[in-house]
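Each chain carries a letter (A, B, C and D) given by its place in the written order, and its residues are counted from 1.
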Amino acid sequence: MLTEVLLLARKDLRIERRAKVALGQVAPLTLLIVVVFAFALDANAPLLEIGAGGLYWVAVLYGGTLLTQRAFELETEGGNFDDFRMSPIKAHSLFLGKSLGLFIQICVLELVLTPAILLLYEVQVADWWLLTAAGVAGAVAFSVCGVLWGVMAAGLRVRSTLLPLLLIPVLAPILLAGSRAFESALGIRVDAGWSWTSLMFVIAAVHTVVGLAAFGFLLEEN
Amino acid sequence: MSAVVKFENVVAVAGSFPVLTGVDVSVQEGEIVLLQGKNGAGKTSFLRACAGLIRINDGSAQVFGFDMRVDRQAPRRYIGLLGHENNLYQDLWAIEHVEFRAVAGGGQKSDAVEALARVGLASRLWSVPISALSAGQRRKVAIASLIANRPRLWLLDEPHAALDAVSRADLNIILKEAVASGATVIFASHEGVLSEELSSRVLTLRGGQVVEDSGAH
Amino acid sequence: MPESMDDSKMTATPLTRVLGILGIVAGVLMAVLGLFISPPDVVQGEAVRMLYLHVPSIWIAYGSFVLTSVSSLLFLVRSRRREDGGRHYDRLAGSAAEVGVVFTGLTLITGMLWGKVTWGTYWQWDARLTTTVLLFVTYLGYLALRRLPADPIVRGRRAAVMALISFINVPIVHYSVDWWRTLHQKASLSVGRRPEITGEMYWTLLYSALTVTIVGAWLIVHRYRVIRLEEIRDEENLKMLISSRGHERPTGSAADGEVS
Amino acid sequence: MSEVATVAIGWGLTFVVIATYSFWVVRRGRTIGRELGIGEVQQSGQEQESDLSADT
């Protein structure tokens, strides 16, 4: 199973390395969002500093949704997962492999965005460990949820509009937890940053269990 | 000889459209069956039903002895399906794609090399992104992905499309070799002479039914 | 009135007709009771009257979503065992979800108006309000998924899986929002101002809950039957298509589109 | 806005929403029923009920 997971994740990352959608399109776009927030908030430095954590996660939410869409578009371009359904690869492996690929891409996105908010919003990092842990936790939770809902929308004709509608309410707790954890890590607020981080891991765990249980079913029914 | 595909009065619905409206047919091991008919006659749906990719609403369907109304997944590991579309990752190299398909299908990376060589794709094109290949070359990559999995039942939708004359003849040889080693082939085609030369039996579909069978038993 | 009676004939049975009339009568009584007879609250004044709508609405909404989840689960179990089994569970899930969405919307409206009077603002990022709005959007998504054309069984299973995942997600959302608000509450407006519901107010609330339950049940039953009618219509169309396709003339006909 | 007005708006909106939704459901049933020809049967006799009742 592990070899299957790695095979799939490697395939997705290789495609990304060739096509450079995450790095070449989505990352610049989210950077642009970070800049546009400054316009919207009148480049008000104190306001941007307070909002840095939240704005960061809004940008991740947006970029991550696009990456999720992309991850499934490249599978459905030629036919609705037909080759996966025909192949002996287990649905569990497909779920985990897709999640792993998405996870790494979101991590890259976060690596681009973090310096951006540090520089542009003039915030200081109070706790690097917390920042890193929260970033990873958010990326894990995001990728698992994204893949679970992505496959649900994958076979449908209106997926580009339906997926965000289905996905964002589910991602709302991650946005909430991530923002609070980041505010704590950036020293904007002093409170339970680690608890919020663990909450994201819990969300990830719940959706992993659900995803493993439902993925075969969703793959077959779309 | 045993029946690879056995359909009795099979009705299948895609969305809310009845794609198969009562198909009666049985295909034996070692046959090369040509599906004929207009666009929309049900050829593609018939192939997909054989692959277990669409739900059977009525009738009885067996593939390799598995009841397709109970378990549509079981026979898939013996089946290779080549769709209308090539199902290729446009950004991968040809060799990477075939390697991925080979390994995903339970084979070895080396199967990919063999398969690409067999379809006669020039080796300088192996390390080129698929999006840079011509339509015929892409078709070859898709066929190579299939060969790498060594299916026992080949389901091919317009396999000759986009191929040049030499490659078409070559594909026919590949398929005949496969059949000689125990496989069965069902393919849909518009290409007259070349297909008839290949096939051992012709089914004509119309309105989601088999209306003519050259080799009825 | 006779006109609407005539209207309801299509999806009505004697039982539901009685239920419907009961609902209308009870609704009028509820308005009289809630708006005029019951006294204003000592703390909240007239605003307490909003609660007679607000509280029962969210009960019915939650009840409907529970019903959706339970019938989705049953549908998954049944349709797995028998390919065409358990369609009624799917219908029940769909109709309950739609009614649930309507009542969630009403909860939000009445809650905001109540908040305007009591808190002085339409919206508080209160844990319950926030959870409710996310619930609303989630089930709107569920309804959107149900509307997409597909094979009924396939669509039903897909929707059922989504209903179950959404239901599992409700506590996660609630918990995180709740925690968020308790951590950041600044001299909350809501704490300690909840009215003591006793006596006449208590009975009015209970009566309202009963009324809203009747109305909700009537709506679910009728929506269920409309879904059934829609399915019958789709099946008729399908039968027609199958037979017309089976008899297509060799020259080809209008139905000869490329679909595969 | 006074308390009383707010309460009146709340109740008014609620009743309008429920009434509209009920009306929509009933009318949709009626439209499809007519398409299916159930309506014609219904018009002839008051005691005749749609065969859907058996379904619940």
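As a working rule, contacts are C-beta pairs under 8 Å (C-beta built on N, C-alpha and C of every residue); 3 or more make two chains touch, one makes a residue touch a chain.
Since the model is a prediction, treat every value here as computed from it, not as a measurement.
Chain centres were defined as the mean of their Cα atoms; on that basis the chain farthest from chain D turns out to be B.
Set side by side, the interfaces C-D and B-C show unequal numbers of C-beta pairs in contact, with more at C-D.
If you average the CA atoms of chain C and of chain D, the two centres end up 15 Å from each other.
Distance between chain A and chain D, defined via averaged C-alpha coordinates, is recorded as 44 Å. Distance between chain B and chain C, defined via averaged C-alpha coordinates, is recorded as 47 Å. Averaging Cα coordinates per chain places chain A and chain C 31 Å apart. Counting partners per residue, chain C has 154 as the residues that reach two or more other chains.
By the touch criterion given at the top, residues 1, 3-4, 6-7, 9-11, 13-15, 17-18, 21-23, 25-30, 32-36, 38-39, 42, 49-50, 52-53, 55-56 of chain D touch chain C in their complex.
Within the complex formed with chain D, the chain C residues making contact are 4, 7-14, 27, 31, 34-35, 45-47, 49-50, 53, 57, 88, 102, 105-106, 109-110, 113-114, 116-117, 215, 218-219, 221-226, 228-230, 232-233, 236. In the complex of the two chains, the chain A residues touching chain B come out as 4, 7-8, 11, 14-15, 18-19, 74, 77-79, 82-89, 220.
Of all the residues in chain B, the ones that touch chain C in their complex are 11, 13-19, 21-22, 38-40, 42-45, 48, 55, 69, 84, 206-209. The touching residues of chain C, counted against chain A in their complex, run 134, 137-138, 140-141, 144-145, 148, 154, 157-158, 161-162, 164-165, 168-169, 172-173, 176-177, 179-180, 183.
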